Amino acid sequence: MTLWLMAGLLFTPLAWAVLTLLTDFSRGRLVSWAGILVQVLVSLGLWLAVARDGGFYYGLGGWDAPLGIELRVDGLAVTFVLLTAVVAGACGLHAGAYIDPDKPWHRYFWPLFWFLWSGLNAVWLGGDLFNLYVGLELISLSAVGLVALGGQAGALRASLRYLLAALLGSLAYLLGVALIYGQFGTLSIAGVATWLSDHPVPSGSGMALALMIAGLALKTALFPLHRWLPPAHGIAKSPVSALLSALVVKASFYIAARLWLELGQPIGSLAAAQLIGLLGSAAVVWGSWLACRQQRLKQVVAYSSVAQIGYLFLLFPLTFSVSETVSLQAQQGMTLQVISHALAKAAMFLAAGNLILSVGSNRVDALAGVSRFLPFSLFSFGLAGVSLMSLPPSGGFAAKWLLLQASLGSGQWWWVLVLLAGGLLSAAYIFRIYRASFLESSGTDQFFHPSRSLEVIPLILAMLALGLGLASDQVLTVMALPFEGEGAP
Amino acid sequence: MMAFESFLLLLAVCVPLLYPIMALAGGSDKVMRHALPLLPIPALIFVLVAQPGGQLELPWLLNGGLWGMDELRRLFLLLTAVLWTVAGVFAVGYLKVHHLRRFCVFWGLTLAGNLGLTVAVDIASFYSFFALMTFAGYGLVVHEGTEEANRAGRVYLAMAVVGEMAILAGLLLASAAADSQMLSDIPAAIAESPQRDLMIALLIVGFGVKAGLPLLHFWLPMAHPVAPTPASAVLSGAMIKAGLLGWLVTLPFGDISLPVWGTLMVVAGAVASLGAAALGVCQQRPKTVLAYSSISQMGLMVLMVGAALADPQRAPVLLPVIALYTLHHGLAKGSLFLSAGLLLPSARMHRALMWLLVALPGLSLAGLPFTSGALAKLAMKEALAEDKLEFALAGYLSPLMTAGAVATLLLVLRYLWTLTAKLETGRNPPMLLAGWLAASSMSLLAFWWMPWNVEGLVKAPVWLPALYQVWALIWPMLVAVGIAGLTVRVTRSVKQR
Amino acid sequence: MIQALRISAIAIACLMFVAGLAASIWAIAGNPLPESLPQLLSENMSRSGVEHPVTAVLLNFRSYDTLLEIGVLVIAGIAGISMAKTTSLEDPELRTSDSLLYALQRWFVPLMLVLAGYLLWAGADRPGGAFQAGAVLAATGVLMRLGGIPMEFIRPGLLLRLGLALGFTVFLLVALASAIGGDAFLAYPPAMAKTLIVVIESVLTLSIAMVLLALFVSAPVNDAEDPEEGGSS
Amino acid sequence: MTLNMWMPLFALMTSLMASLVIFVLPEQGYRLRTAVNLGAALVKLGIVAVMVWGVFHGVDYGLSFTMLPGVEFVLKADALSMMFAGLSAVLWFLTTIYAVGYLEDSPNRSRFFGFFSLCVASTMGIALAGNLFTFFLFYEMLTLATYPLVVHRGTEQALRAGRAYVIYTLTGGAVLLLAIAWLQGLVGDLPFREGGHFGDADPALHGSLILIFVLLIAGLGVKAAIFPLHGWLPQAMVAPAPVSALLHAVAVVKAGAFGIVRVVYDIYGIEASAMLGLLEPLAWLAAFTILYGSARALSQVDLKRRLAFSTVSQVSYIILGICLFGPVGATGGLVHLLHQGIMKITLFFCAGNYAETLGIHRIDEMDGAGRRMPGTSLAFTVGAFGMIGAPPLAGFITKWTMGTGALASNMDWVIGVLVLSSLLNAAYFLPILHRLWFREPRGSWPHERQWGRLETSAWLFWPPMLTAAMTVLVGVLASLPFSPLSWAELVVLRAYSS
Amino acid sequence: MTAPLLYALAGALLCGLGLFGLLCLSHLLRKLLAFNVMGSGVFLVMVGLPQHQGGPDPVPQALVLTGIVVAIAATALAVVLIRRYYHLSGLTTLDAEPTSREGGQE
């Protein structure tokens, strides 16, 4: 059964990429909706299977690591697969209604969308360093393609910037992979970790890890390598922005986190961990500050991503040389942050798109008086904002709570300040939007109500982000499931 | 307490309390007006019917309510009920249409407070009614709405609030010390408490505001004259006595000797009775003169309170005397105030009769024989007799009282003098006249019903006082008349020149 | 001034980077290799269905990589043609009027086609394979394009998209078929491995060539564009 | 058993559901919206009444599930929660009626009532929260739900007020979160328990516990408007009158005060708080706030602003009360939780009536309004006297009980504070009353509206009358069972007996 | 020092060179070329380093082959984007703002 599910999971997005390549946008939309349904069901099935039976390794082509490529199907991975199915599915549904089907180049949206999805699945499940590289490139190129799709000079400029950054990041990562392979003769992360667990750390591997993490940090837009992100996320079509912010940046972070959790303890150093944490903190502060100063709605949301990503990197110091409990808390916090940010940010971008559609302008000022029309999108935007501000009962709050606990538990109290200040700063830019929408101005009589389907999708995502906090424990139990065959490789 | 009496007691307080609702519900002006004298009737019936000592428990009220009547309260209640009734009658005739309803509302509330505090035995309801009376009284003071009235109201309110707070603090402390919510437990607790002096100070000051203690009296000469005449009557006749009642029920009489407090009070009383007189005779307006007279008379009562504080043995004797004096003064002063609202009839006969009736209560105040004043003064004199009092200042009390009597009459004369200047000729409305007549007659007739045989102080029968007593009463009056005559002459000659 | 400073700073950083990298490489080169993958590989060569180890790795042991890699290529192709203009392929600007090229082309095109075929065939046991063959094929197409030979199929229509997707589709179908057969995704039955690999290689060649050519041909002279959401224009 | 388990959730859900339904309703659906509003309020009132009865008889209402590793989401009803829940249920009902009338023709009503219900749902959650974590959950939810209400008018001034509100409360929330997380890390998840947890705390922890306490109070003190964290409150009075009423009487400031009660009684425990030396400084702070708020109120010319500063002062009574170590003082503080709510809501209702009916906002415009609007003015008078602490109204019961308590715990200076504050209260309320009743109107009102038979719309008229009547009744009938005083005594009895 | 190690070290140098180019050059095509130089360096390290000790290793060769394809795909995409960018804005660098205003601050 699980084999079928795995095959379905890997096959569907690729197959649908091909299928939709052969159709135009409108027909592609129908096809894609079917595909989304399949993909969601498969992901859910796999998630349930793993929740019931525990995780396993899946050797592709019948070859096990190190010779072949093994997929690591554990609780965390399937959770992210499911998350991807939900968020990407929502974005797909939204895009189907949102994107103008009459522009000929929009037919290429669907194939790129599906390739992106398949790349994401490849990354969540990947256990092989080089395969992860390919998966990353799959994501990057399709993402760049989506940003540039039919765009103006501004969009092209943003996508070029994005492309160059992504490529540089990939190369740095690949260089690290080359060093790892040169050192250990294997590409399997688990293999390397196993070997390291009973051998002294060979010299030179520090550089490998540093290169890989630096490359991934660039692709994740960690401060100060974040400058490519806001233009790209801000200028893309809203469903695309949602995908990029919610999932794409998480992919590279996910790899970095996996590397750190497996190899960080032996190879990494305290200074490195603290440095990364510090950069994350700087991202939180700087990103939020810039978000406060943006004039355009989507730029605000995009800079908010920069800030939110900063939280994720607190994982590094909080799992290095700390007790088992603290490390677990930090990991759980990170997981929840990824999930809740994905849901919330997707909701936010989709809602922002709807709002822009409604008022016909992408400026924050243009929202003046919008709340009078009771747009659902504003409500969704607000709900998503709750999660971003990490106010209860959202998933963002649960994540922050766990990270707080971890910081206090490990005695690294300085991260506490970052977490709290970050929450307040995010409140600053989110309330700026609320404030704008509550302003009663005379000029706004024109208001276009987007169709209900467009408005419902972000609402559902935002509700999920909000409700995640209440169900965090259940989610985290699945994540912490043991492996079927511990240490299989 | 019997069911009927309980019901009557409840009715006595609740009728005036609920009467304002009629104003809100839109009762006609005429009904409102004519209901005024009826409000204290239940209380009057109660005080006449009920036996002292009965109590009514109201466990649901505030911190557990207990209302009742003892000898002391009976006198006060009697005074209150009578005075409010006659003032009510007077008011029916007196009131103009302007803001009638507002006046009625505050009248009812003040009355309810006044009656309530008299019968309340538990601290919370006592204080509640006291506050109700104070704040509702403000409505009566500023009723006329003139600039002067507003200023008086401000002073009244400011001082009243300060007084309220002092009372609150004092009662709180005392209640905590007694660990009881009943007034009756307080004096003993105060007597034993280490914070005794603080509590006493707070209570004296708090009630002193109402009772017009020197330095706390400023509001009184301002507020009493500006109020409508019937309101002035009750203010000076009844409400001012509430402060006295407050002292009587809270201060530790008879339990402990407090010479310092006693001295202070005696001094205060002396200052009040003489100082107020000195200020009062300089006033131009009759009601202001009366207000000072009130202060002065209260000073005499303060004097007794001080003596009672100082000498625990004598206190049981003094308290009834104070009550007696209160009754006497209340009725007389009420009548005097009402007379300030009269119009002079044109017929000579009537005019003379009226002047006589106006003057008599005043002379009663001064202690004219065969009036309640004579009785009260005698009782007071006996009670404060030097040889029976263990008190440092005891020797000064007698001359003080004599001086007080002189001052009293001077003030009364001054009042009559100013009144002649002010009174206009006209026809009094019948109810107004009836009210005033009732008040005067009450004041004069009370003599015959007063429980004069208090502790055997006044030798029976009162209508046949011993000669030395008469002389003791008369000679200060003569002195006063002499002074007054002299003054008139001097002023005339000054004017002529 | 600032520019120069910045450049020199970057230069120093890069030098340090090189030094660090070289040091690591040197250090790693001195460490013993804990695991020898080539040995494992040669043990399993017999089950791979091809003789050449690189091809075996590419199309059997790590075929998932290759599948995704083709996906990447297709993405690039898609993204490329998404920007193509749809009407005139015969843009005179793009045509070289070089007569030498025109003459050479008559000779070279058939030769290159043959070479591509050879490379594909050789991939099984010596260096070569689908990608090399596809590259040569694409070069042929470029040459033809430059020479002005009309290539209707390159028009971004259904045909082009079919061509782009062909190799990938076949690869994917094989992968799926193996999964349906009951094994893991992409697990070829050993008996059919060789055949399948050859089929895949052939279609891949075609597709790779198509992608590369499409990328070359699709000239972004399309003036139609999407305004930015809520943008001023 | 199962029904009892779900009761707290039902109580929460009535207003939450109402909120969601209202959001979906069209703006024009006036009747339906009103029906939903009032229906939900009535249902909630019923549920709460049942629960009050149940708690009185010792029924256990509780619901909990694990939300995060080591953290439970707990809803439970004890005597203290029912106090707050009862208050909010009753006053929600009245305020809803009032708000329906108040916003009769104004825009954005769906939005308003949606958030309004949400606000009440949060208050309910705060009341029923069974541990600090759950409390915090609803505490922050309240912040969010109130913001749209504060800025409802959408004017610059309202938005500025909203900003101040958010800055204050979110910062407070962050501090609170830190404290809760720290506490959790130190000793684990602590449910609210009568008698607290730290009666026998390890002396090694004392330092941290004191620091955490300070943080907790700082976090909660923002909403409770303790000096110097009160800055948002006077600004927030720009909100529509029903909002101010709810904000000041039930929801926001009370949430802070209630939280402090919870922390002192049910987390630290009154004995432990006293042992750690935490109560005295807090009491001084509260006392200072009481006087400060009153003093500032004196100089305000805007009616609602004066009332706002009065709130600053009054809420600290609650805190002062619980700092009085001993059952009587505690009763005084707790009972003020209810009394202040009832009195202050009366005053705000009246202020709203003046504004809505006569266009009066400033105190000097109120001359003679008593004749034009006798009912409202009567209610205002009752409320004002209650605030002053005049007997036999609600405020007097508070002051009396607190004073007795202060004496019982040998904090005699509290009497001075009470007296002084009453004087100040009198100083800023009595002039208003004088204007209302004894001044002649100055000609025409700024902006008068006529409503049929009553002095104002019936929707606006009855709520203040009812709350004024309640002000009188809870004072006069303080000794009856289920009166606020009796209930507070029950709470304290349970807290001290455990 | 074996030949593969030399390749690897040369690869390191190329990486540095490419990085420098990528960071300092402003013309987009040059940036792209620098990327390719860097890519080549990475591939050299990838192939050279393992073969230094273990002899010929087909795995990195296959990886590099894949890597090259990916790099080509990326390069091709980049070129298409650059051309279109140039067509629309007339710019060859990212330094200046394009004609359509982007607004906001980065």
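Residue numbering begins at 1 within each chain, and the chains themselves are lettered A, B, C, D and E in the order written.
The rule is simple: a residue touches a chain if its C-beta (ideal position, glycine included) is under 8 Å from a C-beta of that chain, and two chains touch if they have at least 3 such contacts.
The model shown is predicted, which means the values in this text are computed figures rather than measured ones.
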item	value
Labels of chains that are neighbours to subunit C and to subunit E	A
Steps in the shortest chain-to-chain touch route ending at subunit B and beginning at subunit A	2
Labels of chains that are neighbours to subunit D and to subunit E	A
Selected interface, A-C versus A-D, where C-beta contact pairs are more numerous	A-C
Label of the chain whose CA centroid is most distant from the centroid of subunit D	C
Chain centroid nearest the full-protein CA centroid	D
Chain whose mean Cα position lies farthest from subunit A	B
Distance between the centres, which are taken as Cα means, of subunit D and subunit B, whole angstrom	44
Centre-to-centre distance between subunit C and subunit A (centres being mean Cα positions), rounded to whole Å	28
Whole-Å gap between the CA centroids of subunit A and subunit E	25
Of all residues in subunit D, the ones touching two or more other chains	none
Subunit A residues counted as touching two or more neighbouring chains	130, 134, 137, 141, 144-145, 148, 152, 154, 175, 179, 182, 185, 235
Subunit E, residues touching no fewer than two other chains	8, 15, 19, 45, 49-50, 52, 54, 59, 63, 66, 70, 73-74, 77, 81, 84, 88, 100-101
Touching pairs - complete list by chain label	A-C, A-D, A-E, B-D, C-E
Touch list for subunit A against partner subunit E, complex	130, 133-134, 137, 140-141, 144-145, 148, 152-154, 156-157, 159-161, 163-164, 167-168, 171, 174-175, 177-179, 181-182, 185, 187, 227, 230-231, 234-235, 290, 293-296, 299
Interface residues, subunit D side, partner subunit A - complex	23, 27, 65-69, 71, 73, 107-108, 110-111, 136-138, 140-141, 143-144, 147-148, 151-155, 158-159, 162-163, 166, 170-171, 173-175, 177-178, 181-182, 184-185
Touching residues (chain side subunit E, partner subunit C) in the complex	5, 8-9, 12-13, 15-17, 19-20, 23-24, 45, 49-50, 52-59, 61-63, 65-66, 68-70, 72-74, 76-77, 79-81, 83-84, 87-88, 100-101
Subunit A residues within the subunit C interface of the complex	3-4, 6-7, 10-11, 14-15, 17-18, 21-22, 58-63, 66-69, 100, 103-105, 108, 111-112, 115, 118-119, 122, 130-131, 134-135, 137-138, 141-142, 144-145, 148-152, 154-155, 175, 179, 182-186, 191, 195, 199, 202-208, 235, 237-238, 297-298, 353, 356-357, 359-363, 366
Residue numbers on subunit A that touch subunit D, as the complex places them	329, 332, 369, 371-372, 374, 379, 386, 389, 391-393, 397-398, 400-402, 404-405, 408-409, 416, 420-421, 423-424, 427, 431, 434-435, 438-440, 469-473, 476
